[in-house]
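Two complexes are shown next, each including chain A; its partner changes from chain B in the first to chain C in the second.
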Partner chain A sequence: MADTLVRKSSSSPSLLFRYGPEITGLASLVVAALLFELLVRVGVINRYVIPPPSDVILAFERVVTEEDILGRSGATAFEMIVAAVAAVLVGVPVGALLHRSPLWRRAMEDWVGALAAAPIVLAFPLFLVLFGRSPKTIIVMAFFHGLAPIILKTIEGLSGTRKVLINVGRSLNMTSSQMFWKILFPSALPVIFTGIRLSWTFVLITVVGVEYLINLGGLGQLINELAERYDLPGTYAAIFFVILVSVFFFILLERVELWLRPAR
Partner chain B sequence: MAATGEMKAPARRAVAPAVSTAPVTARRVLLVRVIVALAVLAVWEGLSRSGLFYGEVIPSLTRIAASLGKLLVDPVFYKNLQVTALETFASLSIGAALGIVTGIVLGANRFLMRAFEPYVYYLSPTPRIILFPVMIMWFGVGPASKVALGALSAYFAVALSTAAGMRQIDAILIRVGRSFRATTWQMATKIYLPAMRVPILNGIRLGMGTAIITVLLAETKLSNQGLGYMIMQVYTRFDMPGLYALLIVVFAIAGACNALIGKLAREQV
Partner chain C sequence: MEDIRLQPAMVVDDVVKRFGRGDEIVTAVDHVSFNVAQGEFVSVIGPSGCGKSTLFNIIGGLLGDYEGSVMIGDERISAPHPAVGMVFQEESTFPWRNVIDNVAFPLELQGVAKSERMDRAHHFIDMVGLASFEKNFPSQLSGGMRQRVSIARTLVSQPKILLMDEPFAALDEQTRLLLGDKITQIQQELNQTTLLITHNLTEAVQLSDRIVVMTYRPGKVKRIVDINLKRPRTSDVVGSDAFGHYVAEIWNDLREEASRGMADSESAASRRGAHG
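Our next item is the complex of A and B:
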């Protein structure tokens, strides 16, 4: 028992030493928040420009209870899921087809790359005219924004299949279909998932961004509404909420990607 | 069962190639591109004439071309282009300067890297446009709020790329500098900065891409000048050929800027 206590007490300083940088980072955020609180309260910073952090924390409860944040999160999640799944269902087969034909791949890969870099979200007025002011517009835009990374990474993943694996397939007299499903696709899966991670990040940015811009849908619209009501603590709280959700989403995708990556 | 099937058919089966083995020449690639482009244009024109879409939702190619021509000789376009270009340049300059400093600090110090880089890393892909209401509160409704938002967008890409570049500098170069007893300034200008030219330029390229988009989006939301504002004006007038023409020009400008900085980054020191 005494031994356990000794071990427990000796583990705390080592934990502090081990996670010192992370604790410093977190402590810096807390200190910055306290500093803002102080500066706002003594009047150095105008509270109508930056609300005191304590007001923002209190506004979280109001935003959750009064602004139907669950329903709005659901609306955003629905738009994201439809666009993200559609991007995978279209992007992977298109990438696989382009991989099969070097001619089409060389002809189209640059164009797909240009699509990836194109400021598609800027065309939202055009999509509004084409699809109306509805979630359809947001979904279609997010789909197009998320499509290119999956196509490009599918091509990259399939092209990066190790020669020895392809030779094994050939030596077993595999058909094209068997070759794809048993050799190429499983080998390319980690790279394809990198494309999916990038794609879903784009999808999230587009969905929330367009919701904010056209004042429709879920979490993006919430920020716009609170800002238009000049509810500053609420606006800040909603922004922090969206950032937290986004960060959680990225971490989750990264974990899945790491899990899929073969051990080296 | 499967094994039986596989034994019945081997004679008919050719060994599957992983990809098509037909030779790919530049001429054939060009031919495919021309065919695809022509097919897209033909489908577009067909849809435009089909009457399936309301009004001018899909205008004819000739009308888009005419609008494009009109746009390119319109002084108002160049005035707005100048505003957007200045806002983007200012936001990129501020964002890149702050990003390079942050990147150097995080890249040079492992403790600070572990303490603060996760925040920069995970905040970098969040949708920046949602911070626009905050920027309006802080910097007003004029160009300053667009510049601030653009700077924030560029900052993350440059900071992360610089920090990564800093960590990838060949240790031998640093040791050579130290063995010559180089001062901090000499180390920075003769060793670190030349070695980090490519990652910094890559960061600036990525930062510029996001800065352009963010500035334009902010202009569409609340502005009375700039290309984003112009897009909303054309949209409000329901001038569809004008909207398509403007988007073509904006996409072309964004692509050209991206290609230019990409080329600079690829060039060897």
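Our next item is the complex of A and C:
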């Protein structure tokens, strides 16, 4: 009996300790929702600007059954994955090439930095002319927006490789290809992943933003339509699905990172 | 029969290294000569700025452009040589590889089959006392353990000469003494020819058969001291009168050099202060 009591008392604090951050995060969300509910109901916040959270929850069913939310989430996720993966496949090699050539690096780095800061979403009329009102436009724009952080962080990661690790490689007479794949690249991976995370955030913003602006495709278009209908609870419910797609996206990235960098 | 220990494994002959151009030339290493016999443990000691690290890079083949010669057999060292295994002062394990993969790394480059390289890596990990940490990543190890991984990674290629640059500089004194024991034990077990670059007097006396004392800039050989302490040797030796005698004797040589180095850094700092 005493033994059971001891086990019980020792297991509950450890559970709380283990899931403490998740429980606290979830509780904060619930508290914030309740606070908004209260502020809207007493009239401090106008319900035509921010709907009460209870209305948003009720709108979920309608959005799911009437607005083909799964199909739209799938369309947005597809555009995001194509653009994001393309940004990685192009950005990392371009970053590696620029790292190898100091002249090109000095010539291009500022331009790439400018590309990262440019509000590419606003250039949508140009892309519409080039690629038509199709998912291709959304993907190409998101790709360009997501490219710069990966290039910049790849250069930064490769340049930041500790000199002593390079000297270990030199002392072992490694070829330049071995040096890249076995020392420079793995050493740069944490910084490259920071670039990928930034890039994927840019990609997500661009995909949803351009879908909204050109009224085409997945969740961005749905948000546009619901906002046009002045269905604010529905709009917020759709925004929630954007967050879901984003969470799915970043869990996927975390899995890939865990696979590539088991020593994190 | 010729004593194998008398055959030099490495000959450093009249090595000079200068940096800079025109009026800005600085001589880091100035006509340095000594040799290291097979199975011998030699330390090079000197104050900061005496060209120890430059010498380490020259002998390791990382600095190919120098005058004089570093010979291993009939070969002059001008690039990294497979006969020389280097252990660096800074922590140099690969954080993305676990202990066994770190140690097996040189064998992987040589194309050794996986089972054989794992066996050989396991042997050297065992030798440095990390058998139960094979699957751990460097971030899960202490500084001393990480340096032992680096040493095992260097030994796994079975280099003719083990070249170490202050490998325990970042460690506390007690860990340093204990790791000194481990190095002595490994060196005796493998009859490993070893050249240690250090600024630590007690470490040099604890481990060495001979100590090359360097002057402050430009780095010249001031004296070579034979250390006649019994082998096999452990850290217990630090309590002996003979150990104290050697430490005092070498410090006598080093004090003047270290004082010059200190005065130089202080005047450089005051110049910087005056300009700042």
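Simple rule for what comes next: the second predicted complex is superposed on the first by the 187 of 264 C-alpha atoms of A that agree within 3 Å, B and C clash if a C-alpha of one lies under 4 Å from a C-alpha of the other, contacts with A are read in each partner's own complex, and residues count from 1 in each chain.
By definition in this document, a residue touches a chain if its C-beta (ideal position, glycine included) is under 8 Å from a C-beta of that chain, and two chains touch if they have at least 3 such contacts.
The structure presented is a predicted model; accordingly, all values stated were derived computationally and were not measured.
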Touched partner set for A:250, first chain B, second chain C, both or neither: first
First (chain B), second (chain C), both or neither touched by A:65: neither
Touching partner for A:178 - first (chain B), second (chain C), both, neither: both
Touching partner for A:129 - first (chain B), second (chain C), both, neither: first
Chain B versus chain C as contact partner of A:102, first or second or both or neither: first
Partner chain in contact with A:168 - chain B first, chain C second, else both or neither: second
Interface residues of chain A shared between complexes with chain B and chain C: 170, 173-174, 178
Touch list for chain A against partner chain B, complex: 20-22, 24-25, 28-29, 48-50, 99-104, 106-108, 111, 114, 117-119, 121-126, 128-130, 161, 166, 169-170, 173-176, 178-179, 184, 201, 204-205, 208-209, 212-213, 220, 223-224, 226-227, 232, 235-236, 239, 242-243, 246-247, 250-251
Complex contact set, residues of chain B against chain A: 10, 13, 15-20, 22, 24, 28-29, 32-33, 36, 57, 110-116, 118-119, 122-123, 125-127, 129-134, 136-138, 209, 212-213, 216-217, 220-221, 228, 231-232, 234-235, 238, 240, 243-244, 247, 250-251, 254-255, 258
For the chain A and chain C complex, residues of the former touching the latter: 162, 164-165, 167-168, 170-174, 178, 182-183, 186-187, 189, 261-263
Residues on chain C engaged by chain A in the complex (per definition of touch): 60-62, 79-80, 82, 84-86, 88, 90-92, 94-98, 105-106, 109, 137-139, 157
